[in-house]
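Chain naming follows the written order as A, B and C, and within any one chain the residues start at number 1.
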Amino acid sequence: MQIAHDILLRSYRSMRTIRDFEERLHVEFATGDIPGFVHLYCGEEASGVGVCAHLTDTDTIASTHRGHGHCIAKGVGVDGMMAEIYGRKTGVCHGKGGSMHIADLSLGMLGANGIVGGGPPLICGAALSHKVLKDGGVAVAFYGDGASNEGTTLESLNLAMVWKLPAVFVCEDNGYGEATGAAYACAGTQKARAAGFGMPYLECDGTDFFAVYEAAGQAIAHARAGNGPVMLHVHLARWYGHFEGDAMTYRANGEVAEQRARHDCLKNFRQSVTETSLLEPTALDDIDASVKDEIEAAVKAAKNAPLPEPADLEADVYVSY
Amino acid sequence: MTDLITPITMPKFGLAMTEGKIAGWNIPSGTHVDAGQEIADIETTKITNGYESPASGTLRRQIATEGETLPVGALLGVLAEPAVSDADIDAFIARFQADFSSGGAATTQTDQAEPTLVSLGELTLRVQDAGQGTGTPIVFIHGFGGDLSNWMLNQNTLSTGRRTVAFDLPGHGGSSKNVGDGKPATFAATAAALLDKLDISRAHVVAHSLGGAIALELAKTFPQKVASLSLIAPAGLGQGINMDFIEGFISADRRKTLEPVLDYLVHDKTLISRKMIEDIIRFKRLDGAVKGLQTIAQSCFPNGRQADDLRPVLASFAGPAQVIWGADDEILSPDDAKGLPETIKVLILPAAGHMPQLEKAADVNAALTKFID
Amino acid sequence: MSKKSFRQAINEALRQEMLRDPRVVLIGEDIAGGQGGTSGVVDAWGGVLGVTKGLYTEFGPDRVFDTPISEASYIGAAVGAAATGLRPVAELMFVDFVGCCLDQIMNQAAKFRYMFGGKARTPLVIRAMYGAGFNAAAQHSQALYPLFTHIPGLKVVIPSSPYEAKGLLIEAIRDDDPVIFLENKVMYDDEEEVPDEPYAIPFGEANLTREGDDVTIVAFGRMVNFANEAADRLEKDGISCTVVDPRTTSPLDSATILECVEDTGRLVIVDESSPRCNMATDVAALVAEDAFDALKAPIRRVGPPHTPVPFATVLEKLYLPDAARIESAVRSVMAYKKTKQEA
């Protein structure tokens, strides 16, 4: 498949940004400066980025508690995100939402979500808007293997078929919901679940950007063309605990190390594009350097940013009251 | 000059006491007090007690203010003769406070032994083991619904020069809830087994209420173990028993219903503290606690009367024996102390109810010390 | 008796009841953890905050059931199991997730007994964490006890300390009705003396943690601790407060609340749940109706503003009631003078 130069560069930059953003959070969290729950997307970057590469600001995504990657992939700025995670007034949600609720509706980012299975029904609604308003948009629900067992998810698959919605259900299957393996918690297969609703199903290796890009391209094109929803099953691995502080005793020794060594989407991307001379290594090095600065600046700015003010507490509960 | 100055410090009434509150000073600053005179009321979470002056002299300073809560050992006031200068007293106070804050508080912690659990076959008993020395040990046996804290104002005082043991009877406090048939003789066998386990071959027995009946059973079956008997408001010497107390104690499950029942225990009703009520409610909530009390009540007080007449045991007990009773006891009548053989000392304490060892701790301690030494 | 944390007290209650009654089973997400994992370690979590740790190891897979992330089905399964012979203790993790399974609680469990003409018993406990102060933001911080209290057929428990938690949870497990048992997540490391033996604290019986003459403070859950703190400070200034911990919002010990207000004539209510239609409004209505004559000052409610729970620490601090706010509410009712001439 031919992928335009600028898309490759943009995608690499997105994945690198997510990686650096998350690894930096991992370090900063340990210092005790970051409040609340933080769920990292390290290792899963290619999924969000490969899907969002096909989307514009008109399209909508719904994310999960593990939402930083989806936000970055959909174009939310790291300054505002970092400030949000630090609980600052300059955060995308003015410090009122935190890591689990980063959202920017102007970019079609319907929010990270603290409720597992919260996204798929919302995406049916977003897809309904796109369909009724005829704006050509597609709505994409990211949800985990764990979330695939929520009634809301299963009901949404059905509803999307019944209404023939321009929706894509991206099941990000990293093998675990918290500390419980999908091997225990998911009966049957995602493929059979899609088939049960008569929904087209695609699957791909989520640590391979090109595989995701290609599969997502097909799924989104199908939905955008008015042919109804598609399930895209993305096979992934997460590199850190469920949330920061999880010792992951339920995972075999070496499992993550193996992932990092063999299935690092960034390393593999670099290898692939340089071997085929699609991109120069220096172009990637430049991106790496610039992302590093960007994250550094974001952390610095967040730490120095003003805190919310007392009046913010009662602001924005309603549009009008 | 400092040997003429006596610090008055927060006393330790019970083994578990770590702090106390000055409920009120009974003597204004500048007045002369005699040794033994009650100079202040000290309130602990369990009880309010008069604090007797450790020495004679003029109360030169009241350092603790009324309502103040202070740790055991903290300076409450200073006694000295008028001749001692104010400057000397100030210097004394400054030194005391410096010492106390640097290390005093820590030392009061160490002598505060926690009760331990002792296993006797199937049973586990909570035991407060205190004191050491060559004197014949003392064992304390509490009554129906009580526990070893009933002796909190007595055990410490009597622990000079001898070992003393207080324990929770089966079904009480922190001991196992299995009371067997609930009869005094059964509890006496347990007490004897505990003494064996603790390597105490012979002890002075100080017993309260139903514990009195248990002590008498002990004296009957294991006379060699009993050096003397001090029976405080004992059961076993008459037939009457306030069944409103027994039944109320068993059935009351909240503060409001329990408080009037506990009022029967004392002459001065203000002694029944929130903490005391709360502790009893907490005990009664434990699985099996109420059932144990019911079994004991049925065995010991069937048909509203005392089941066992142990007067003959007391009459024929070979060792020294004394009976102490509050004149205003509303649970077991002090009349039960009438008509005992003359060799048995009887002390009736005025203005005291069923628990003179708490209400008139100083008098009871004095009587025990004198009798046992 | 030994010092135990709120977490240990709850764990011990579960354990002792499981030992006592083989029908008691635990159901929830990651209450063991590690099922289907690649290391073979099970009981990897023992609950997100470690409350059920060790119970899977001790009681095994026939008593402790990890679930898929499917609240509607596993909470519903607990309801169904309760109606048919088991005595499940289901864990909903954060009470906010009740949104995913409210039907099974509200329309099923709560209604069986009445709808079926008194013929059903649903001995079910649903444990869940509630409360702000953890920077867990709007979807993981709510204090939803008024929601459950509102539903006839449910009993609702909010323990305020480790001792209370153990006794109330044992009572909840032995109770034959559906009970919602709410644990404040900020309190798990709080410690106090807790008996080693099992004991049950009856429902519908308020606990007075302080007794005073001037003001009655009714507080719920964690707020009881703040109320005690405020009462202790106020006592130094000669203002003596009664602090009432109702323990259960359903049943509610109205008699004790009314008696305390009769004695003191002033009432401050501290409730960390959202202020509209919450326990504070409920208690205020009760007192306004049944103890109006005793009141020497208007009733004051101390609570959060009518907003979702904010994330940022500064905002969350402003949001939650604390001892200082309780103290100033008490001072304000003490300072109140009737201005209008009595008719």
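In this section, a residue touches a chain if its C-beta (ideal position, glycine included) is under 8 Å from a C-beta of that chain, and two chains touch if they have at least 3 such contacts.
These numbers were taken from a predicted model, which means no experiment stands behind them.
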item	value
Centre-most chain [mean C-alpha coordinates]	C
Most contacted chain pair (by C-beta pair count)	A-C
Distance between the centres, which are taken as Cα means, of chain C and chain A, whole angstrom	36
Whole-Å gap between the CA centroids of chain B and chain C	39
Rounded Å distance between chain A and chain B, as computed from the means of their C-alpha atoms	69
Of all residues in chain C, the ones touching two or more other chains	none
Chain C contact footprint on chain A (complex, rising order)	35-37, 87-88, 93, 95-98, 100-101, 113-117, 146-147, 149-152, 176-186, 249-253, 255, 307-308, 310, 312-314, 317
Complex interface listing, chain B residues touching chain C	174, 177, 253-255, 274, 282, 285-288
Interfacial residue positions of chain C with respect to chain B in the complex	1, 163, 167, 195, 197-202, 205, 208, 211
Complex contact set, residues of chain C against chain A	29-30, 33-42, 44-45, 48, 66-73, 96-97, 99-100, 134-140, 305-308, 310-315, 318-319
